[in-house]
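Would you mind keeping the following structure in view while I ask a few things?
Chains: A, B, C and D, in written order; residue numbering restarts at 1 for each.
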Amino acid sequence: MLGFVARRLTYLVPVLLAVSLLTFLIASLLPGDLAYVILGDQATPDKVEALRHDMGLDQPLLIRYVGWLGHILQGDFGRSFRTGQTVLQAVAERLPVSFELMILAELAGLLIGVPLAIVCAARSGGAFDRFVTSSAFGMLSVPTFLSAILLIYLFAVELRLLPATGYVPFAEDPLGNLRFMALPALTLGFAEWPGIMRVLRSDMIATLQEDFIALARAKGLKPSRILFVHALKPSSLTLVTVTGINIGRLMGGAVIVESIFALPGIGRLLVGAIYTRDLVILQGVVLLVATGFVIMNFIVDMLYAVLDPRIRHGHA
Amino acid sequence: MATLELAIEEDVAATPARRVRRLGPLFWVAFGWMVVVFAVALLADVLPLPSPTDMDMLERRAPISAEHWLGTDGLGRDELARLVYGARISLVVGLCAPMIGLGVGGALGMLAGYFRGRFETWVVGSMDVLLAFPPLILALAVTAYLGQSILNLTLILGVLGIPAFMRVARAATLTLARREFVIAAQALGATHLRILLRELLPNVLLPLAAFFLLGVALTIVAEGALSFLGLGVPPPISSWGSMIGEGRESLEAAPRLAFIPAIAMFLTVLSFNLVGDTLRALTDPRQGAL
Amino acid sequence: MMLDVMRAAWSGTLLKVENLVVEYGAGSKTVHAVSDVSLEVARGETLGLVGESGCGKSTLGRAILQLRRATSGRVLFDGEELTAMKGEALRRMRRRAQLIFQDPIASLNPRRRIGDIVAEPLVISGVKDAREREAQVSEVLSAVGLDPALVMGRLPHEFSGGQCQRVSIARALVLKPEFIVCDEPVSALDVSIRAQILNLLEEMKARYGLTLLFIAHDLAVVKAVSDRVAVMYLGRLCEVGQSAQLFARPAHPYTALLLEAIPVPDPDVRPAERVPAGEPPSPIAPPSGCRFRTRCPRADQQCREEIPQLRLVAPGQHVACHHPLA
Amino acid sequence: MTGRALLSVEDVAVDLPTARGNLRAVDHVDLALAPGRTLGIVGESGCGKTMLSRAILQLLPKQAKLAGRVMFDGQNLARCDEPALRKLRARSLAVVFQDPMTSLNPVLTIGTQLIETLQEHLALDLGAARKRSAELLAAVGIPAPEQRLAQYPHQLSGGMRQRVAIAIALSCEPRLLIADEPTTALDVTIQAQILDLLAREQRRRHMAMILITHDLGVVAGRTDEVAVMYAGRVVERAPTQALFKRMQMPYTEALLGAIPKLDAAPHAPLPAISGRPPDPTRPLAGCAFAPRCRYADGHCASAKPPLSAAETPAHHYACFHPLRLAEGAGA
């Protein structure tokens, strides 16, 4: 197990380096020089040149990258030239919002998806299974921004039950916070559950046809034990992987949902940075999000090993 | 001789056991919708439609009428025309971007799965790096630098699709390359190129094609999301995503402006998903189709 | 005198394996699949290669055909060193040595028609004329007992395992090779089909003048087709000999164990009362000295320390054992 | 015979709906087995022997249709509901499957898989169940049983895994053990060990056993009776000695003849059966073996031969042209 963790950890280092390089290259190679952006309308070639020199933009790419990476390793991700806030400050301020949103969304997705998957797998082919499977399929084709406006239309415009936009921190008003979070989290959860349901259902159906399930039945075990101990654990492996991959989709979804529901999270910070061409913030946030994503995937890998002893012992 | 007798005795069943698979009426409905969307998008210039970009400030949010079959939007533009031209964008981006993924990712995946070794490590590693960026966020970041245009949008979404296609192609190749018919071809002295093209490609192509259709659906959604945020196709070009985004402003006054393009998009995405999923199920080795 | 010279030429060695070692990595460990194996196959003979799963017999077969590169040692085919060949030269040699697999269905490309599959070797070897290819394919398909007109346009999944194995044999034969490695060609088939395929292989051997390396785990099957038999255990050869002699008087305790373990379809033959316990050790960490010593009733200190070499114990019978059976 | 039978299978038929039509996997089979006896069921792949065993165990796939009666100790298993079956399982009826790699749960430890059975049926506390599990593992010849309890199936070799599967099957002292090709996935030296282990435990516990295999050699020395199956039917059934000495059914003869013999001369051609078994979705009007049989005539193609009694007691065969006694043994 320790060897496995070590192997995965040593793999993380080059991946993270490459991620930082790619982030840097996107920001540096693509047209749209930072100096022009900062100077805006007052840009004269002389001024731009002077600013480029001040910011070190006229130096070779590699040196700039090493310098940038050096700053980052010391925790200096840069400072917005518009608000004066450092990237870390801006992110730290908004991270709890996005984090809460994603956890609530994933919870909603799992709470809807997992029980449905188990019931459908246990009675596969039945009327309930067919209904749930086709609704899940339909839901997969509903983009997040679509279900968002649908939910707004229903709950905020028509029924006037929940607020469409706005936010209060959890610490100030827990109930109000949840009221503001309900629609965004549901929107994302709606996008999550069909995937969760489909993956777990098909894996469970496959598992239920395995010889070891037949043996468990031949041993006279209770159906509940067969379903939850013998079938669920080996079937949840793909689900764990999918949950890992979903984190990426969830982050993307959060960008949209935060914009629609005006939640002050990372996603809105990002979109705001794009609208105002605040490239420092943009670069920093992209790097942080990608790093977070890589680390999340690493944790998911570890979880996978905990669930599957074959991986833990270096087989397969 | 015992063997010759066999030729008569053990003949193959008179009619080949063709796998008759019913595709089901839903498949054909979905396929029909896809054809309609394609036709409308192709013939947009020929159809008797008003210009999708002509504004008529006197007729803002006009209701459904003989002149404007689906009414007009917040700037008095004909909703139907915008919808039809929006289908064009969705299809152009939706089809072209996965092509990039299919070509590059498919080739990389096959080469990685066949040659293994250091090349595979490199390919998988670089794909992991690309996958480290949540796709929508990377797309947003890159459009922010590159600027909004249909070409840029297609390129970015295409590049983002490469890892997924690589995975599908590599997984299929890995299982196939271990199969004995590939070793048989090596034993016959076939070149690597011949094995890749004649033995592996026909087998990898079907799962890739099925995944391509799912990719189209995903790309249409992604393009929609970017345009919805106003960061996709540049205005005044109409796209279903931007139409929904604009319609959101008048959700209380005229919900139809958001919901009509939403329904069009949903049906199209659903159709691609359905057709792709049916094809995927047909080519799933677990179903014994291989 | 003249006759002797002719016989020597006819029975000359076609394949010679010298001190072949195949090792490959599995994670951080090394699998010793084939360790220091030497053997010869005479032109026109069938050498049976027997061993349990994981003993390296398939790896040896593939290493002979250079489908898996040897770590060290040499493989000589008709006097030419295959292990030193590369690229085009190796590809040309491959036409003379072919391979038949265990899984008849997996060894045919599911998306290609039988006619194309059998014609593929001809295409690769540069037969350009489509009509000539078709003629040759028809001929070889008839030879393996399939009706070309009925079969050529169909896909592999329309056939049974036995028929697919016939197609594989046809593909291996279409270039008229001299040597074929048969890698467990009948172990995936049912008893009644198995006999058909074994008979077919014997017929084809006579018809095309083939030399065979017949790999199997079933001693009775190997005996039915082989002139000589080599027994392999955990990457090393234990015993090589004329098949009738080796089965009548096994000299290696492992050969004896294998023979004893075969279930005999005769109710009067009581199964051996006590088969020695124990299982083959892992080829990742094979035992020192004689690799069979952990399961051998005769093992002693010498077996632990010294690797036994193949030596002659009777005319035409070699054994690698410090304490061979009388 | 039926009076004191532990298990009797009466007119059992299993139908499976498939994409190509209805598949008659088991075609009206009758069998009986007395306590403490061993029955071998022999047949090639697809002959219905595994479906028959699943029908006895009531473990058929959901879509399969079962007709007929499976009487176990006076109870019709086909009529039992799930809780009643659960009580019978492991304690009365146990099974060992072909491939121990797939029949043990890969994510649960060997200990868990043994202990759960003991706790379910014998109401043992954890300590007692653990102790009993270790004893069972020792009894089936697994060294260091205490340590094995904490291991996962993939950490054992194939032979050891099959021993674990046997230990699980024996854990609640069943009265009938069904071993479905228990050695097909194993090497020949391991196969002999496992067959010996099964025979030893069967004698010691006085269990009845059904040994299903495709290898006539496996049943020859290890069973009291043998049933030969072809295309879903039992085509010959006899005490083992009688079957091998005086076989009546041409298929049995052909099956025996097709096995290469160790005492035959090298390169002797094998008496092969031509053709292959019929497509089970397209049942033949007559004897299913008729197209491959060298004795078959027009009658065989049009009428199904019933299972009729031979001269020797308890010997039944389904053939219009049985082998003459003089020819029987020497195929």
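Things to note:
One rule holds for everything that comes next: a contact is a pair of C-beta atoms (placed from the backbone, for glycine too) under 8 Å apart; a residue touches a chain by one contact, two chains touch by 3 or more.
Note that the structure is predicted; figures quoted are calculated from it, not measured.
Common neighbours of chain A and chain C (chains touching each): B, D. The most distant chain from chain C, with centres taken as the mean of CA atoms, is A.
Computed centre separation for the pair chain A/chain B is 23 angstrom, with centres defined by C-alpha atoms. Centre-to-centre separation between chain B and chain D, using Cα means, comes to 51 Å. Rounded to a whole number, the gap between the C-alpha centres of chain C and chain D is 32 angstrom.
Residues of chain B found to touch two or more other chains are 2, 6, 10, 13, 17.
Listed for chain A are no residues, as none touches two or more other chains. Residue positions of chain C touching 2 or more other chains, listed in rising order: 160, 162, 196, 199. Here chain D touches chain A in the complex through residues 54, 57, 59, 62, 82, 85-91, 93-95, 97-99, 102-108, 116-117, 120-121, 152, 154-155, 165, 168, going by the rule given at the top. Listing the residues of chain A that touch chain B in their complex gives 14-15, 18-19, 22, 26-27, 30-32, 137-138, 140-146, 149-150, 152-153, 157, 206, 247-249, 251-253, 255-256, 259-260, 270-271, 273-274, 277, 279, 282, 286, 289-291, 293-294, 297.
Against chain B, in their complex, chain C makes its touches with residues 62, 65, 67, 90-92, 94-95, 97-99, 101-103, 106-112, 117, 120-121, 124-125, 142, 144-147, 150-151, 154, 157-160, 162-163, 168, 171, 175, 196, 199-200, 203. Residues 125, 210-212, 214-223, 225, 229-230, 233-234, 307-310, 313, 315 of chain A are the ones touching chain D in the complex. Across the complex, chain C meets chain D through its residues 52-53, 160, 162, 190-196, 198-199, 202, 217-221, 223-227, 243-244, 247, 257-267, 269-275, 277, 279-280.
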